[in-house]
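There are two complexes below, and they share subunit A, which is joined by subunit B in the first and by subunit C in the second.
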Partner chain A sequence: MRSIVNLAARLLLILATTVAVSSALGQTVTIAVKAEPNTLDPHKVVGRQSEAFLANIFDGLTARDAAGTLVPGLAESWEQVGDTTWRFHLRHGVAFQNGEAFDSESVRFTLERAGDPDSPATTWSQINTITGVDVVDAYTVDIHTVSPDVLLPARLAELFGPMLPPVYTVEAGDDFGTHPVGTGPFVLKEWVKNERLVLAANEDYWRGAPSVKEIVVRPIAEDATRVAALIAGEVDLIEGLPHVMVDMIDSRPELRVERVSASRVFYISIDASVKPLDDVRVRQALNYAIDRQAIIDRLFGGLGRPAATIISAQAFGFDPSVEPYPYDPEKAKALLAEAGYPNGFSIEFDYFSGSVADHYALSQAVAGYWTQIGIDVKENAYELGVFQEKRGANKAAPLYVYSLGDVFLEPFWLVEWLAAGDMSRRYSNPEVNALIQEIRSTFDASRRAELYSEVQRLMKEDAQHAFLFQVDTLWGASDRVNFTLRADEVPWFYPLSLAD
Partner chain B sequence: MLSYLARRLLTGLLVVFGVTVMVFGLTRVAGDPAALMLPPSASAADIAAMRERLGLDDPLPVQYFRFLGSAVRGDFGKSLRHGESALPLLVARLPATFELGMAAVALALVVAIPLGVVAALTRGTVVDVGLLGVAVLGQAVPNFWLAILLINVFSVGLGWFPTAGRTAGLASLVLPAVTTAMYLVGTQLRLVRGTLLEVLNQDYMRTARSKGLGRTTLLIKHGLRNALIPVITIAGVQLGHVLGQAVVIETVFQWPGLGLFTVQAITGRDFPVTQAAVTLMAVFVVGINIIVDALYGLLDPTIRTA
Partner chain C sequence: MADDATSAPQAARRPRRRVGSLWLMRGGLIVTVAMLAIAVFAPVLTTASPIAQNLMAARQPPAWEAGGSAGHPLGTDYLGRDVWSRIAYGARTTLLTSTAAALGAAALGVLLGFIAGYYEGRIGSVIMALVDLMLAFPLIVLALALVATLGPSMQNVMLALIVTGWMVYARVVRAVVLRLKEQPFVHAARALGASDAAIIARHLFPNALTVILVLLPIEIARMIITEASLSFLGLGVPPPTPSWGRMLAENRLYLTIDYWVAVFPGLAITIAVLGVTFLGDGLRDRLDPRLRHLL
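Showing the complex of A and B:
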């Protein structure tokens, strides 16, 4: 018996040593993410997670700095040369990771591939104002848009404007997604799906070689396991730290929480075309009834901020003087009584689970607040895919939860999106529509900011949504690495470095 | 024996066919992949165009027979998310799941057989009751909870095993295999105990005892040997159960097998992969059942004509 125990102990020791050796590979940084990209072909990516990851391998014509400001990328500068034409001056001497030169032809090829009518890019809707690309010379391109598009430079940043090498892309065909070539800071070295994705530093990167030579990206879907991997020292960084686990990380001296306010605004859509929601007093009552700060405190550890409209605090044009609805249940009841519903009414409310961001718990909290002012809330809980189908068919309940992030940090497109009229998007206010049309083609930034202020004031007052809050995106980090999050939430590993 | 096997094969085929109808129907009622594949800014027209490209706007029977026609040739179509053929993607994940399943079943047998024997021999005592208690606990504890508990104790606390993945060789296998085995041990332990008790009371055992055979010889040669037939059967069937458990275990431990990949396919409404995965699992489970039945026939002649 003793010899068996002995043997078992030795076996465990050997196993333990293997683990220790594998986690201490010098210059490598290991990062656990919630999910790996579905593909690394920028025109076939599905979901924000996949889109955002591309920045590490590709560059766009423009880019974002740590604060989220638009800065030059593969284009050194850009200007308007007509109402519907932008001219981009490209950076000289940039090569793709396979040696192909980056020039105007690459831009033309990439954008034509994205807009191929037979199989447009999954992300085409983000850049589909483009109608054509003219090569002016080897390092100058003119990009035409269907109507004046103030947003074009932002559209061509890292998320939707990654540039591809024409020769290699055609050669690679369907294999491009697993063997991508860009101009970015890292080269894909190895990808074992569901296990690891290894990035090697691009020593010839035009911004200068990255400090970390190798990054291992491991998908770990389960929150608890991902956090355990960080605490056990197996990984140096984890994406998507759940708010309820912040204390666990904070209590360990060698770990820290990195946070940045996400642009995603959670909201409840209110159908103003049906009774009794057609009365603005009723819609305002629904807004006054919700204690936004309490939900942030209880569900998100206080890491968030109440929102007044869909326009997030870091977006261009955000006006802090338009304040979120305060929590005032008495006023809410008074408004209901005034509108003729002193005893409330009965209404359906759709919400869902299974999306990247948790909409489930907060929806239940909101339903609870509405119940407190006397409304009989009929709650329908769905799985995301099923709800999306219902919403897409324009059949969502009069009240439903949703959220949107501002990928361009320039929000007119969000308002336009809310007002599209189909797919249960019911926002309707002619005044706001007119303002949005004006913003689209107003190239003077200060004038645009004024117009945005007006949009926010109107959106808050007409209360066709109960905008709730923005919450912080959290990462867990080991003190072994220096890493901060970018304001646009793109996981950008270029500035990552090892602490000495 | 041959006609028996032929009959089993035929019913097996019918089961697999039934499964394809069900998985096809269920994926079609559970949401639209086109909407999930495009960014929020996509318009209804963009989504409709995507549906058309994916062939999702054809009538359901047309879609089903197109799927079935290709599936019998081993072509389940291209993954909507990965853009690669569904079947090879899944086949690449089989070794991981197979490794986990075999390790768990083997581990369970190694633990359950001796404990089952002890329980049978100490029937009615505190030891017996204690072991049965452990068996019930093993079956009652939710596997995701056990998994996280084991990770916290052995990975975070003691640092013995990695928390997730399959990159550290054998060390990576330990926690997922133990978690999966916990459930299997319960069933097997109780089965070994029960059948052994039954066998020990058989006439031939009394005869053997009266011939003056030693206790150990009696137990192993005459008792356990006969008691193990159903245990082996159940172990085979459990390999099928492991596939079901893998869905949870592989997700918690990020074990890169069939279960994890299937869960991702289901959440992403990746129809081709979901259909291929479920069909593959059905073939696997049906296959194991046929093999087990055949083995059982070989071991116990009375079954053959049944």
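Showing the complex of A and C:
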């Protein structure tokens, strides 16, 4: 009898706490993300997931609006004052979350810390055109680049240009990553690794205080688990809703799907230096063999668009007249026969699972299409980490899947990335290289657009990749919250608000 | 029940348990034979290829549901592959790897067990120390590490299963040999001038065979699970070869939407393991009930 009373008392207690918790949830928004950042030190972050998260705590000199356009951030305006010098005019009256004032000195300190030759920032390669910073006055800085760099203002946006408070950063040392201070809309309140990260509104934010006062961010790696948490009402918002679950969310009146076209282009890298892929006809056959639209329709719920090159539809310089390879298996077979492989050939194809974006299912589908034109595809399905090691050692198979998102929406860097030569990045076309060099230092936008058109034509024709498609980024949302996604895939919680 | 309590409970209980185990063993035998038949006759029993994709026919439900078709009795997965065909051909993968690996592990384990039992001394201690060392590892982790290092392929999966599976044979066979080798008939054989090899082959091995036969199905069942786990974790037989574990892994996202893509391979694993286990248990009770405490 006593044990029953005991049990009842415990149950009551549990019930009472549950009620207390849910009433506290009234003002809090809970968000499930795929993974938490590895650190919140902008110079030690690894991976896009971590980099993108920083925008909630820090600001860059520039920023992006919801449409992806470059807008002022901590700098109110910027201009070129020489071939290799950009001048930024800083916003007045901005303070870091610990009270330190933001000024030219903060910019100089931050960029010098990022470029410290002894321990450069993990993101340094994205801004390493910078050779020096001159403080002109308290709110004006000149930033020098090694060569004319049309991209510098975009480089110093939220991902790679978060500004740090000089005094606190030095004081905090290695603790900065877990106790960050920026100028951003949210302050880190609590971080229990692998469990939750609590953000509190920065009431003095220079854009105005955020509407939601507390955000709990929970890392939930498994897609199905994240969706289950949303359906159960444990979380209000989930990142990375799998495309196949759209109907499931739509069928529930209290939930909805938020979508935005993302710049990430999926592609297969084709090694043009090995037989039989050295023959452009074979590479084109691989391109004609794939039904891109069918993969988008079946695996991504129709939410995407076929791609002709690495240059995404929303990027500067995108030329819609360069159309993606159509699905034409007959032509693919004819090209193979012409190249001397009427019965196909045998080739290795590396793909992987476990990445933030799903590369596994689409790679299987691509392998299936190649099989249909008579190619014997030896599939190697790796775990992401194992594959990255192989790729990093320049040992990826002649065919491998990958994807790239254009954070700058100014795509010459993507082409440079593909042609880097190391880490299984094998793109090689001297003509394209020359064009890219020209684009780098062409400040006239219409001329640059022309050059980009030429790049796209060449990249499509030489077929050293099978560019596949871009797919929409999807989030699942409860009707409790208002939220819109940003086109550059940054999970930007500032505009988040509670529905009334 | 009342009968049991009043009259001769011991006598009444024993035969009853045997009857139950006999039925279980028969059931296990039927399931095992059926599975073998499905694996062998997979090309006859299925109409679709297990690896052919057809995105236009993706995610069809089983034949008995609205939208299903007789061409795909258990439906299709997200790439339009036939689920029934993948299960049938997957039985080949599963049975081949697990049986071959169990036999390989048995060969290795029995050999080492004989050596350890017959030549006690230093060699014996080294072998038994190795057994203890191996058993101290979490075996699935060891198998994972092996396949990850060597690269996923059917041979390497078998190798990993053998390397992590021989210890139980070695241990049991050594115990049997230790007991047998002091028996009068062994002493007699030795006195008549029989060589060690002859004693092992003629006198010890036949007597240890029962134990090995009883162990085999139990070990095969364990190997089916380990193989499925490796496949589930992406380190099994590489695609496009169908395997039950990989089917589960690939389709887990669809579990809540297209139940058939994950439920049927899951059932296949469960039924296979239960069938082989019941067969093994029955064999043990039949051949050597004393082993119940050992196994």
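By our rule, the second predicted complex is superposed on the first by the 479 of 500 C-alpha atoms of A that agree within 3 Å, B and C clash if a C-alpha of one lies under 4 Å from a C-alpha of the other, contacts with A are read in each partner's own complex, and residues count from 1 in each chain.
Here, a contact is a pair of C-beta atoms (placed from the backbone, for glycine too) under 8 Å apart; a residue touches a chain by one contact, two chains touch by 3 or more.
Small disclaimer: the values here were computed from a predicted structure and weren't measured.
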| item | value |
| --- | --- |
| Which of subunit B and subunit C A:E195 touches, first, second, both or neither | first |
| First, second, both or neither for A:V386, with subunit B first and subunit C second | both |
| More subunit A residues in contact [subunit B versus subunit C] | B |
| Which superposed partner A:M248 touches (first subunit B, second subunit C, both, neither) | second |
| Contacts of A:W413 with subunit B and subunit C, given as first, second, both or neither | first |
| First (subunit B), second (subunit C), both or neither touched by A:A224 | both |
| A:T131 touches, of subunit B and subunit C: first, second, both or neither? | neither |
| Contacts of A:T123 with subunit B and subunit C, given as first, second, both or neither | first |
| Partner chain(s) touched by A:S441 [first = subunit B, second = subunit C, both, neither] | neither |
| Partner chain in contact with A:S147 - subunit B first, subunit C second, else both or neither | neither |
| On subunit A, positions contacted by subunit B and by subunit C | 224, 228, 354, 383, 386 |
| Subunit A contact footprint on subunit C (complex, rising order) | 51-53, 55-56, 58-59, 78-80, 148, 152, 234-235, 238-240, 250, 252-257 |
| Residue ranges of subunit B touching subunit A (in the complex, touch as defined) | 30-33, 35-44, 46-47, 49, 53, 81-84, 89, 92-93, 148, 151-152, 155-156, 159-171, 174, 251-254, 256, 260-261, 264, 267-269 |
| Touching residues (chain side subunit A, partner subunit C) in the complex | 223-224, 227-228, 242, 244-245, 247-248, 291, 294-295, 297-299, 353-354, 360-361, 364-365, 367-369, 371, 379-383, 386 |
| Interfacial residue positions of subunit A with respect to subunit B in the complex | 12, 15-16, 18-20, 22, 32, 35, 38-39, 41, 44, 46, 48, 51, 119-120, 122-126, 174, 177-178, 192-196, 218-222, 224-226, 228-229, 231-234, 354, 383-386, 388-389, 392, 404, 407, 413, 417, 420, 422-423 |
